[in-house]
């Protein structure tokens, strides 16, 4: 029963991923400009252009190119970048790592902070702490990410305090995270953008759980408040919050674009902006499908966690 | 005739490629340091080094651009970082000095015969390659054979189409035999992409005669060069080591300089010149150049097929204001003529000024009494290009020219429609008149963006090209320029300065008119004044 | 079975409940949100009209060299008056955001209601299609679309509208799904009321609460989105005065001449916060919270 | 006399509440100072309709107030008051009392048991927080013991179950076990049997009774069901809008009530024997003949849709119709299953014109599904539903407008069946509009007529459901069914969401309407006590089959099927 459910869910994810890959492929196909021309430059002779087109299989029918591309994805072959001439996988390897580091750090900050603040806010419902927390999260949730970023730069980097660098740089051959101080502002921005959603969701579900019959029952049983919160309330609030966290993680995969652009952070976001302006079709395709896949996988994981942690579904067979 | 920067943007692979941030270690302070430094006053001012150059030290140069396609190939430099590396590893027969004067480099002299069909070049006898072998005529022949190899022509091959054969006369004399009489062939030889390399040259083993030897190279990131102890010039280079670092953009570049992660950076935004220069630790190298950023009107298409419309557009421009707004005052006003450093430059032609009534009148005569609507295609092809388009749009409005800006990205700009936009922009580095005219103003030109086809102009250019006598040649050039002044398709409103910045302990960098950054990348002259 | 034991229920039941907006505007938070929103809207709407009286410059005139402290807030990257550009730069942003939101709402509500009401296979198909669209992040989608079609006004509106639609459809679907199990929908079915009429007259009026909240939320996001695209250089094009574009153009001089960035950033911040406060109040009002819990 | 009872037992009281006052934080008072006393081994029933404040009073005994409520006065003392006022104790002291000295059994065990915790663990937790015993082993022993006490399997594997793996009755017994685990002195039981079917309810009530007696626990039993009160309570306190209006021994209150509200309440309670007269109108029972529409009660439908079958209603007499006419509705072999699960398994019955039949079934019996099949809301059944001899199409949309008009259906919950955004007139007018009746003004006139029929009147025309009480809404819903003058009215549990007094008035209305219009009625319910008040015949539905069918009298006095017998044995009566 539960295996069947998970299988169904997996199947749906695969179908969606395929549909998304088609969408990405078609969209990138429509990008103006000729990739062969882009690689060879303006002075390329027609003969060389033709040879390269042949080599890049640009003369093949569209469906065949799609199949080739999809086939390549499975073996980790993402094609060749028009801008550098090198393999896309090589080009993106470091970028992906850098973005993952940024997103990982932001998650490490925002998830615990979001859960703790949201929980306390719910427990202190209507009190000053709650008002401050909800007020802040309401304001932050409204702000576009670049507004948050620029505000942080002005406050902490350029105009008021001059503590953190506003631009990310790493010496050749060294990774961005070798200079942790550079990561502070991008991480903080990303965390500030993501946290309010977690706070709000945590607060809302906690309020709901705190009003639920079994929490009231726990209190009426004489369970100490700490245990009521930690053993009875929080575990129930976590499942819906996990969904929101998943959505936020997935959002990060695409939403880091603006933040990376702002801080010149060498991740997939800035790579995507570059690739789109450079008509680097293979890179755009690779990144789009990568981000889409991340979104689908994260959502799948959240759903699986939901299925597996639900005792109702887990013990279905027993009944 | 030497063109230091041949069509470089056109060769670039679609735009500025993915480049990594390449800075040496240390904390990035951000631009905030800039303001704090301003307020700390003179206490932290380091006096500029004086006296004779000091030997030793390492210079770290930051440049924006480049990417993983960077190479050390002597004959295929594409990005700014490629050029900076090539200039320091290799040397051509002649070169353009800081005043845009053509000077011998590996040659002692270059002289044409009377018909300007055979050029004889005498080579410097005391030059050795990095691997210790002497540089001889054989190597020159091999070099040009490599460049013009029909199977794999290098970037300068186009300008060498007039070259029939390179013949060694003796160990240190070479003859260049041409198929067309060319009085300015020496200009062609003075390109940095014509560095002389040994016959067995392989870019993977970048051996040249330059002041520095390649030590390590990481494309798109960084290169480390060491001093060439056998360099033929006395007492040069001063530095032990030269690091060239790629940066992806101006912000990172400026931050790296301010946090002393690099010692010098090439090309800073002109609008920030004052602010950066106000930092007592930083010096600015502000060089006037002959580079130009024209608006291009297609003379064979409506509405610009009517010369009155072209004149009206030229009269609508407030050139000094252009320099003020676009270049923050760092530039020279243009007179719709390129090649300002050419000996034949028509200096006597009156400077064109904004004249709105005249422009309106011309438009009215041309059949546009109620003004004219025009689309201007712009793209961030060079710093200031989109800005110039915006300023033009604002200025031209007064003359009843309603400009609709169409901003496209660089890839689209240089895409299929490049050279066929009706009204657009472009950017060219400093060149003398004849190579420039050959590139962009003749029906046979590869980049005739204005679609100019003036028989009289073509005849004058051809005559000048074969005229060995410099005075007569200059006269012919002036005549040709007058045609451009009267009826050409370019609006050349000015020549932007090239601004670089460096730490005040760096010495030996001087302004350079070629348009290349940081003394034309001639780091052989640079030295470090204070030990860090 | 007794219906909810809560004593308050019966007290409020017989009285006519106050309308949604009245309940919303009773909250102090909503009043603050309205004030902020109106403030920015006033700047955006009246700014262009009052420009000649306030600064004496148009938004494209030059008043000095770039990034110089000329005038109240200095000059921008081309030496234009920052205040003039600021006053002239809000309207388009707001109009585009509003149009995109409305488009997204129309499409999303139609799709979501259809999916929920049709149920079964069609529902599954629509929602899986929705998932596919959702899998492409909004910004990636926008990047692709704008590069293909060019940064034109209608492209922005359509792209943002389309990227909102699947999200709105989800909300609409779940709101509809909770309504269509109500017996009054069954009653309409029983009387063979045409399906479209059931959707329009029975379902739609009962999901206006969540839809209004969604509208507010999407409006907030649209403003941020249009501004973000301009900030990335993909939205409004020069020489248009636009807040997002201003930030992009003047960012490089943040240290020297911060006003060119700070003014538009502030305006966008105040506007989005204002709309979000309104939306949140609306959500509270529509969730029919206990009157006692509200300040 | 109620006060004397309190005085008598003051010294031995397990819990005594005095002058309890509770308000909402905005200031509306919910409890107006109520007092009562609980004695060991005795159960006090706190009876009231929804909104009377009985749950608030029960929770106040434990020092607990729900969100938005606060105590404004009064005291609660335990065991004669040696610990002082419980309501003034600090939180940690109060906590040791809760679940230990005084425990709580909630209304809905499905909501009150933590769904993610095993039931054994939940009971163990109570023992642990109250330091029951010295070691885990001892506590585990107690868990097993208390599970046995409430009549549940006490094996380890059973203890490892999650709440959702138990039936509703088992869940409630786990709740009781949890409340009993620490051997409390006082137990507050908040409607512990609401939502359980009668057989389970009987078992749970017996468990409570036994435990209270055996362990000398004082019980506060909160309920709205007077029949249950008769079974379980020693004393009764009747609450009305935050006040105790009557207090006395169970016999006293139930059989010689002094307060008019108690009397009204008692009169509204349906009884199985049918001795009480619920409401103002005489009950429909087996002794009554089928309703014949008299000259005054002729429904005026002829102007709108003159149909042949309408005419048939007019000239008949009782005798003639009983013998000659074909049944109005005939159901043959009706079956329906959802994915292998048979909800309805071959239903056959018929309904005569003017007849009222009760369809009795507990939850899950398929009674709602069956009634929806009649109304065409479920279209995936097999078998046949015939109206006046003609087989009906399965779904409403496939039925003719006339067929749709003739069978009308009233939904269970009046809170769900009316669109909150439309006025009563709009909602009631929908059937007319869809039948294509007249113009707007005609329809409004007919709507007004229908509203008059259900005793609402014109002033309700332009109100919205939110401004109506539950009973009023149900009347409006009935008006919608009546507006087209149906031949058959299907009422699906239409009184189950209403308080007993409202239920009585609705039953009243239905009887009146039936005799006025002569329509037939299918009254679907789970409450067997209503049988003698509304139906001539009774059909008992169990697991998708009709197990007993006959005149109400026959079935009640001489049930054929074991299931019916069991039901009758367990239904609480007084």
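Per-chain residue numbering starts at 1, and chain names A, B, C and D are given in the order in which the chains are listed.
Heads up, the rule we're going with is that a residue touches a chain if its C-beta (ideal position, glycine included) is under 8 Å from a C-beta of that chain, and two chains touch if they have at least 3 such contacts.
The model shown is predicted, which means the values in this text are computed figures rather than measured ones.
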Which of the two pairs, A-D or A-C, is linked by more C-beta contacts?
A-C
Averaged over CA atoms, how far is the centre of chain A from the centre of chain D? Could you give it in whole Å?
51
Distance in whole angstrom between the CA centres of chain A and chain C is 22
Using CA atom averages as chain centres, what separation in Å is found between chain C and chain D?
46
For chain B and chain C, what's the span in angstrom between their mean Cα positions?
48
By residue number and range, which residues of chain B touch two or more other chains?
31-32, 35, 251, 409
Can you list every residue of chain A that touches 2 or more other chains, as numbers and ranges?
32, 158-159, 166, 277, 279
Two or more other chains in contact with one residue: find those residues in chain D.
66-67
Pairs of chains that touch, anyone?
A-B, A-C, A-D, B-C, C-D
Contact residues on chain B for chain C in the complex?
31-32, 34-35, 250-251, 269, 271-272, 275, 321, 324-326, 328-329, 386-387, 389-391, 393-394, 405, 407-409
Touching residues on chain D, where the partner in the complex is chain C
24-26, 28, 30, 50-51, 53-56, 66-68, 107, 191, 194-195, 224, 375-377, 396-397, 399, 401, 404, 409, 411-413, 415-422, 427, 430-431, 434, 464, 466-470, 480, 496-497, 499
In their shared complex, chain A is touched by residues of chain C numbered 29, 128-129, 131-140, 143-145, 147-148, 220, 223-225, 227-228, 231-232, 247, 251, 254-255, 258, 261-262, 265, 268-269, 272-273, 275-277, 280, 293
Within their complex, state which residues of chain C touch chain B.
60-62, 65-67, 77-79, 147, 150-151, 237-239, 252-256
Touching chain D in the complex: which residues of chain A?
211-214, 216-225, 227, 231-232, 235-236, 311-312, 315, 318-319
